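Two complexes come next, and they have one chain in common, chain A, joined by chain B in the first and chain C in the second.
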Partner chain A sequence: MHNWVSLIYNELLKMIKKKRVRVILLIVVALIPIFTYAQYRTVQTTIEQLGTSDWRTVLQQQIIDSQNRLSSSRLPDEWRESLKLNIQQQQYYLDHDINPAAPGAPTFAREFVEESVSLFLPLLVVVVASDIVSSEHAGGTIKLLLTRPVRRWRILLSKYLALILLVSFIVTATAVLAILISGVIFGYSGWNMPVLTGFSQQNGELVTDHVHLIPQWKYLLMGYGLAWFACAAVATLSFMVSVLVRSTAASMGVMLAALISGNLLTQLAPTWTALKYLAFTNLRLTDYLSGSSTMIEGMTLPFSLAVLTVWSLAALAVAFTVFTRNDVLA
Partner chain B sequence: MAGKEKYPVLSVEDLSKQIGKREIVRDIRFEVGQGEIFGFLGPNGAGKTTTIRMLVGLIRPTRGKVNIAGYDLKRDYLKAIRNVGCIVENPEMYPFLTGRENLEMFARMEGKVSPKRIKEVVELVEMDQRIDDAVKTYSLGMRQRLGIAQALLGEPQLLILDEPTNGLDPAGIREMRQFIQRLAREKGISIFISSHILHEVQRICDRVAIINRGTVIRTGPVSRLLEGDSPVQWRLDPPDQGMDILQSLSGVTTVERSTEHDILTHMPEEKISEANQRLLEAGVRVTAIRQQHPTLEDIFLQMTEEDPIA
Partner chain C sequence: MKIKGRLIWITFSFLAVASLIILAIGFGLAVTEVTGPSTPSPDSRNPSDTDETRGMEKDLLLGLGDSLTRGTGDTNGQGYFERVHQSLREKNRGISAVNLGIKGQTSEDLTKQIQQDRVQRLLKESRWITVTIGGNDLFRGSGSLEKIDLEKAENTRQAYEKNLQSILSDIREQNPDAPVFLFGLYNPFGHLEDSEKTSALVTEWNQTIRAVSQEYTKVVVVPIDDIFQLNPEKYLYSDHFHPNEKGYAFMSQRLMQAMQVDGEGSVNGG
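Now for the complex of A and B:
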């Protein structure tokens, strides 16, 4: 047991001393104020355009806008469907007297995780995860690491566990920083604001049978929990690439390309249903909470979790097999 | 550790490694005894590093056995590797950590290394002044010493050093040699040391194995390897006639003109007087006979020239 603690401690020490973690935190600290300001500007602009700060009017206006767009015949079918679902959802908020965008730090943090789960957070994870094994090869330290009286699989597992700890830290730190920083402008209230969740989709229809209200703090926990799961899956895949590719730059490049392609593909080819079996098209887990329509038919929360789990397990199998068997040649 | 004297500290049997279709190392076998300094010599690309990587478990042998302190490296990996400290190629440490942090990290991997032991090895390699500085600020010599410190952490019976004098200045090389000798004589550690610069290790090795093109072509004590034909330099007048006479003698292996009047031969020591007599009888004036001690370079060149594949 002591051995495991030591091994994981070693890996965390290396990660922290390498300053990558500090850079990641700095990125988050630098970007959140910008996002906060952007959000603030959006709210202000909407108020100006409508000449009112009453959210009911805003929501009504949005519904009317959407309906106008729906009547345009040039709209692609997929967009039409998603627009219809949006209207249904907004109507639900209106009917139940729920302000979906009540400003406040918790609301900002909620929207921030919904937007960052598919690209921003995974990018941060890729930066720390993709050099975890490749840097040992690049620096030649792999020879010192693998000539100790410790089995190779234990060394790799300690690296993986340290990485998962670090991912948990990054997700938590992002949540805490999002709340702390945005609260300066939006205030820190809104924890108990009811938020709708439990939407599901069937044949393109928004099914509201299971829709219910939960306090926003609970929603935040669920949202960041799902973001953690998505990030852990990204970390696991980066981890495998880091074992396979001996250069950190190459392993980071591979992961970034995969991540961005995953994001692009869902938008480019929403009718290509086989895409739903890819790992990186399933990262938008928080969409299932908020009820935003998914791009590809047949995707549900359990389905996405299952796809990410299968990919992660396969990646771990490959990483451990290669790492424990391969010769350290140069 | 009862009865460890029964085993050589390191024994290698029929060790081979094939990568793709090429056999990089073929049927290597040797033994290293306790407290012995064993030289592993050969030119670059001869298979030294591949062999060393197989000794420490970085590369799986295609065939053959490695036995360390009585434990089979494949079957009893942990027990075998616990008895080895090594530097494979360059002493690469984590540059962003201090020397001490590096040592502490490896100590945690060894399992039971006390803080006292870390202090001991730091003093042993005389790094106490700079141990709390980041490794990236170290000179190559300091890195080399820190490398030895990490290799000694687990109190190994066998120390494997790959080209330990690489990149060091002459003073550094002398220091390293003295240090290695002290480790072997005072601590009884067996040391396996590889080099392509033969005269650097010739003076400190008890025995050497010479490797070329993936196979060991000779193993033995340095003194016995030196017993071969010694280079003898002759100054003769007239040189051409002298050369013909030397060439006609049996036991003389090479005869070549090194300068205008000097002729370099390789011949057994006991043949020198006979050759001298023959030259005098033929009326060749002998101004000087200089017998030189053969270096491993001479022996190595001779052997590789004899190698039919070469």
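Now for the complex of A and C:
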């Protein structure tokens, strides 16, 4: 047991002593103020246009605007469906007197995770994860590592566990930074604000039977938990690529391309349902929590989790097989 | 120095482990939340605490009705409503406006829309209310354009009369003071062959509008049929039904005159 702890600790230390982790935290610190400001501008513009800061009026106006957009015949059917669901949800907020966008740092952090779960967070993860094995090849340290009296699979497993720990740290750090930085403008209140969850979709109908309210802090915990799972899956895939490809730049490129095309494909071809079996189209796990409709039909949380798990397990199997059998020459 | 350095890394490792545990708990919660049969939790809201910020809105302009309020046909997308809103805002920045117009809405639809909780609350807060309603009733409920069914048109008109009464009394019930500006109807087909028939219908409906509005206090009928009488093509959009931006500009001028917003800028009435 002690052996395991020191192995993982050793790997973790190697990772965080590289500049990468600090760079990533710096990126987050630099970008969150921009996002905060953007959000602030949006709120201000809405207030400016309507001449009111009453969110009920704003929401009512949004509903009417959506209804008018619905009546346009040029609207594609998928959009029409999701627009309808949106209207129902907004109407529910209105009828139950719940402000969906009460400003405050927790609300910002909630919206931030909903937006960043599919691209921003995974990108950060890819940057740290993709050189985890390949850098040992590049630096030649792989030989030093493998000549130790420790079995190869143990070394790889300790690397993997250390990676998962680091991913957890990055996700938590992003959450903490998002709250701390945005709170400067929005204030730190709103932890107990009720948030609706439990929306589900059946045949394009919004099912509100199970809709109920949870305090926002709990919602945040759950949202970041889901984001963590998505990030862990991305980390696992990057981990495999890092074992297969011996150059860090190449493995990072492969992962970035896969990630971005996964995002693009869902928007370009929402009717191509086979896309839902890809790992990178299933990253938007927080959508199931917030009830925003998914682009592709037939996607549910268990389905997405299953897809991500299968891909991760397959990636691990490949990574371990290759790593334990490969000859290490150069 | 070395010990201090180690301490940082150990703390970091503990932080990482702690965040792993927290996130895993959050993940577990989320999965049970979304998939598990949710327990119907009691509604823990108390609406009273969210209501405290209201009461700031004194000068609300509320638009109700159909595509004319929405501004269909105006290439700027403004319609009469947004024009009036802009002019009012030039005088007083505090004026806000809510446009609840829905394309294709009939008087029947409006009676239902006005029952909504939120709409009623807005009605209470309004300082001016503008309404365009009836065009869709008239031209859908009177048979096709070529063959106007007079009997059918009469039935529709009676239904419209009842709906209009219910709309105005609902508005008055919610807000006894705010003036209601009700636009009259116009004949978009005045330049076509059957113009006598359609014009007669429009006149009859406009009389209904006048008669009904006289039963209520502070309901001002704003006639607009004269604008479109001589040169309908000039002021109609290319769909030959909705006004274009010139038509809307005239409508907004009429409305502002009725609202007694004078050129110098002070806002009277209300």
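Of note:
As a working rule, the second predicted complex is superposed on the first by the 330 of 330 C-alpha atoms of A that agree within 3 Å, B and C clash if a C-alpha of one lies under 4 Å from a C-alpha of the other, contacts with A are read in each partner's own complex, and residues count from 1 in each chain.
Everything that follows uses one rule, which is that a residue touches a chain if its C-beta (ideal position, glycine included) is under 8 Å from a C-beta of that chain, and two chains touch if they have at least 3 such contacts.
All figures in this text were calculated on a predicted structure; none of them were measured in a lab.
When both complexes are superposed on chain A, chain B and chain C end up sitting side by side without clashing.
When the two complexes are overlaid on their common chain A, residue A:3 makes contact with chain B while staying clear of chain C.
Panel annotation: after superposition on the shared chain A, the angle at the CA centre of chain A between chain B and chain C (CA centres) reads 160 degrees, nearest 10. Contact with chain B, but none with chain C, is seen for A:147 once the two complexes are overlaid on the shared chain.
Once the two complexes are overlaid on the shared chain, A:27 sits clear of chain B and of chain C alike. Within the superposed three-chain model, A:185 lies out of touch with both chain B and chain C [touch as defined at top]. Using the contact criterion defined above for the overlaid structures, shared-chain residue A:64 touches chain C, although it does not reach chain B.
For chain A, the partner with contacts to more residues, out of chain B and chain C, is C. Of the two partner chains placed by superposition, A:123 touches none, neither chain B nor chain C. By the touch criterion stated above, A:13 is placed in contact with chain B and with chain C alike. Of all C-alpha pairs spanning chain B and chain C in the superposed arrangement, the closest lie 10 Å apart. Overlap of the chain B and chain C contact sets on chain A: residues 9, 13. Partner chain C is touched in their complex by these residues of chain A: 9, 12-13, 16, 50-54, 56-57, 60-61, 64, 67-68, 71, 94-99, 164-166, 168-169, 171-173, 194, 197-198, 210, 212-214, 218, 221-226, 228-229, 285, 288-289, 301-302, 305.
Of all the residues in chain A, the ones that touch chain B in their complex are 3, 6-7, 9-10, 13-14, 17-19, 139-141, 143-151, 325, 327-329. Those residues of chain B that touch chain A in the complex are listed here as 19, 53, 56-60, 77-79, 81-82, 84, 86, 88-90, 92-97, 101, 105-106, 108-111, 150, 154. On the side of chain C, the complex with chain A involves touching residues 9, 12-13, 15-17, 19-20, 22-31, 33-35, 37-41, 43-45, 47, 50, 53-54, 56-57, 60, 70, 89, 93-104, 117-119, 121-122.
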